[in-house]
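What follows is a pair of complexes built around chain A, which joins chain B in one and chain C in the other.
== the complex of A and B ==
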């Protein structure tokens, strides 16, 4: 009671601040405030070229982060998404590339049966192209399945399992490609990364995946079960939730989303890269955490991941303008993430108090 | 041996959140004597010992050690004062060595460093005195439960305790180890130490103790020389509660058909060869002490835990082993003993909890999406039926409800559909009298509506108030089944304690 009375006598601006801090749109407000504060210093920010750049960086990261959200909500973490990016990128590019330079690739393991001088075995046909896309998605789901089974059936910690699969499949990607980029991708594939100013193919794919994920998580039986498992696996099991299946599926979705992200990146860069995503781990997990998705499970929304990704991309973009060296950028990023994490704790307290 | 008490409690009282756990308790301990302390679960035994052991201070009354006022600041102060505590659950660190466990709160030091040689020397000395020849650096996880118990005792001896409290020391011991322990307690007595022995096994108490104090609801109901008590008198003093208006009138009528049937269920070391039938419309009470296997049995029936052999059927349909979903689909429901950890999703609102079990039934046939409006409607209906007091069904976290209301949510999620067989494990533990009455009412209504209800409780009075039959369990076996007409507190208690008509304890640990 006393808290309530205090609440009412509070100064207007404090109440206002409290409401903003407790809002689930907080990160969005923060992003807008950040942009407004910085735009006088960086006039170029609002240029069409830069906005296009920001958006094209947003879409693939969004898809990957949305997949990560599922695993975070069940109380896990998926570090192996970055390796799926590289693994699927190399496998897909090898299958559909239209030509390869023998002096670079003749020593690579795929030479002679999957790839040859005239490209991959699935190149030059529409059916082959579709199959290759399916195989790329399959790569992601396979890694996810491996993670999920290890965590759910063998009760291994998600951090350890996905750390190992991250190392393994990053290595596999490098091994398959002989540490080289695979170029000469067909036009219809490159189209998947195409953009016309602000509107792009990745935009439609990313928004589609995000909306689908949102509906799956908030409105489907599976989504309800994901939250229940994340909060309390034992209570869920007793209430008849197929805990293992839910955990495995969450990891498969995470892998699948990483594979979709891989397709978008591979198309945009017009090459299969064995090191694709190697530095993206922090961005994916960080975006979720900044958005408010809990690392201990049970708490999170797709919308929060969207805000987190937006914040992250805009932060990186603006820091690039300030002509900072790469380590200064990382330093600033670190400070900002720390600040966001601190604010999250404060917000948690406020939410609890009210 | 002088006869002045080494330790005294005068009028000690302690309350938790307004509930009296101890009320005006007096005890005296003398050198070379064993004081038996008995009472039902929740009678206040552990609270009393925790006050003496310095876990928390008493609210009223005084304690004296050697005639001087005794007010321990914490457990370490109690240990320093010469009070040793041997806990019911073993309090050892399995990942550490015996010697490290012995001195965990007071390592011998040479300068700033721990003197490992001194540790080994003293450990070996104490172990030898107890007739054990383990190397001091052996990890505790390599020891059998009985051996661990001995290490725990060794630890207390190493601190040179003059008063030693044993809290249910034999629950994890074999018969042989128990015998060894009694010889040891005899030795400690000879050395002039004062001993408190807490146990549910009344035969042991009778054999071992010199004096006796019996607690019920936080107060002493009887005390005196142990020889003045027979087992019957102990039981009579432990129980005895007015049954009447605490329970709603029974309106259920057990039918002829079987709702739930358990055949020859066994899991080695936990339950052996359990067979029982729960009739439609019947309330079946399961009574047993902690460690009798009652909770484990329920978890096996529902499929939370696995079992080695046996069969469970609901309405004649077999239930798959270790598969709660199958049990639910075939009409079973289960409210667990530990509702905080297993009963519900604490940080989520009532809607998510009530919808959890039968969420499938709220899926729209075309869109395959959950119809949250219908879930909310159903939650409001169930919350109303169970008289759950809430502020909001979809905003308020369940953990902010009172204990009784939390329990009703844990129960309510099973009532979206009428269960054929409902298992309730300690459904009224830790909830107030009013909420208890409402839970009894719900149980009665469910049975009256044709569900079979199985209620596990360590409160015998409660089972006698609501059940049609009571099954008494001990050490994983069904000892006896009592029909409502032949309910007799002492007889049921005797069965649960495994005491024959002549007062002897039968079937000791194997």
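== the complex of A and C ==
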């Protein structure tokens, strides 16, 4: 009798674990457990300032990660998002900055026709400001289009194409700015990155982008086509899915999201930086992987990316509070991403078995 | 089960209280630095942390590993930990301004070490070497050495990151000396500028190109000593890495005063280097910041200058003990 009860208990426990592991809220549960375990040792974790801080770090990363989700689902990867951050940052800042120091910028290639001592050509006007934002978004879409066409039309591997465009557009950003930061951005622009309260402009932008992306992926024909291409591009093509168009659009969305992220980061820094996002790739891809978005394509949700980003940001935040050395922080982040990728495989097997 | 849950919750609550209570007793200063890749930054880090800990101050260290965004996030984290003061070696002068605005807004005294903010819009204790004067002193010695040789030279300067006021002032100091009417007949042409962006790899590529285009460069000033090994790596294969007195010796100067520079002056490859007193700078910053904290001044605003000096091949015997790099080198030899 007791052996039977033990058997039942074990089976129940296993079933529970299996259900948790298979749940799409798994990363959220993990995040809650992590916070509950660690917060007693971090006295300021629940302070309003820190919660604001966590959210303000979440919004720009979330926007970029949401774009990456589309590319990951079609079975690709977009390494060039980091260069879009820098490229769009420099272009936008150059267009709207209100002044520049000639002794720093007089040798830069944009001097005299895009920028001058009294700022960029679109500075000092509302229309110019809006146009500059549109141009920044256009920069991201252009890079995405280039990636998409190369992958879809020329059948080049996404990894190689986006690695090359990452190098190219990082170099373009450095070339355009002469390796300098562009300061003196107008207050209206800086406001876009202002995240010193729980409710902030970046919050509205990030949530808006996330909801739109969710609807696009889960409630539209295009979304279904994205999954189909990720699962089996050949079968999708035979079934009449416009595979090329879907791939190109996925990369364009990724570039667009990176450009929106660039706007938020540029405004937050109050400067255009030619090296913006240079070390951010692991955060973007890592957050998606932690969330459960598969690197082999066909699997992923915007909600998972949200959970992944949240976990990643909270992880970085708490590691800062523990005053660990930077290599310990990167080591822990690496181990967590590896663990998440392993768990993804386990969860996949559980899903297959059930 | 319920009892166990209550016990766990109570334990967590006590832990929170204990951690919160233990946090407020000591003076706590957050020290944010960009990396530990050069001798100067390692010495600066060591000087600051040891000086602070020597005073019984708790130091909370943050290394951003050359990521400006991470440094900004670390600053916000430090603010949330309600530290008593913040000391920063910023990623660059522009980031120093952005971070200063946040520290000012949080009413936490803010100190900047060695890499000054690019604008004076923020309130901060800034300790900085008088880079212009120090660079000019080092280059003047080089010019005097050039005069003695009685021929014309092709001058060049390795420029740092011009978003960093240190780099700008070092460049200005170089031109102050080179443009001195006393030396106007020394030059074949205007100085050649080689950009480094404070990055050894960038410098190596740019310097190789510069030497291809201008193989006659024979008067060289580097805005930072940490680039000396890369300069040597380019000059040596060209047969231009020779000691003072050799016909192919490139008159060569630097700035920082690190161990490498000390060794190269001692061996005769480097003519002069501008020296900042990293230990004195750390102490100046700490004293000013701690004084502000104790006075309750949350926005101290003061620029402190390290006058520095030039250590040269000529005064090495007399002044090498005043250079931090030499002290470290001699200490290591003593070990």
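One rule holds for everything that comes next: the second predicted complex is superposed on the first by the 341 of 354 C-alpha atoms of A that agree within 3 Å, B and C clash if a C-alpha of one lies under 4 Å from a C-alpha of the other, contacts with A are read in each partner's own complex, and residues count from 1 in each chain.
Operating definition for what follows: a residue touches a chain if its C-beta (ideal position, glycine included) is under 8 Å from a C-beta of that chain, and two chains touch if they have at least 3 such contacts.
Predicted, not measured: the structure shown is a model, and the values here were computed from it.
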item	value
Superposed partners chain B and chain C on chain A - clash or fit	fit
Contacts of A:89 with chain B and chain C, given as first, second, both or neither	neither
Partner chain in contact with A:242 - chain B first, chain C second, else both or neither	first
Chain B versus chain C as contact partner of A:81, first or second or both or neither	neither
Which of chain B and chain C A:170 touches, first, second, both or neither	neither
Which of chain B and chain C A:234 touches, first, second, both or neither	first
Winner by number of chain A residues touched, once chain B and chain C are compared	C
Contacts of A:271 with chain B and chain C, given as first, second, both or neither	second
Which superposed partner A:210 touches (first chain B, second chain C, both, neither)	neither
Partner chain in contact with A:220 - chain B first, chain C second, else both or neither	first
Angle at chain A between chain B and chain C, C-alpha centres, nearest 10 degrees	130
Closest Cα approach, chain C to chain B, once both complexes are overlaid on chain A (Å)	36
Where chain A meets both chain C and chain B, residue numbers	none
Chain A to chain C touching residues, read off their complex	36, 39-44, 47, 49-50, 53, 56-57, 103-104, 179-181, 183, 196, 265, 268-271, 273, 275-280, 316-317, 320-321, 323, 325-326, 330
In the complex with chain B, residue positions of chain A that touch it	215, 219-221, 223-225, 227-228, 231-232, 234-242, 298-299
List of chain C residues in touch with chain A within their complex	12, 15-16, 19-20, 23, 60-70, 72-74, 76-77, 79-82, 92, 94-95, 97-98, 101, 105, 118-119, 161-163, 168, 195, 197
Contact set on chain B toward chain A in their complex	302, 304, 324-325, 327-329, 334, 336, 341-348, 352, 355-357, 359-360, 363, 368-370, 372, 413
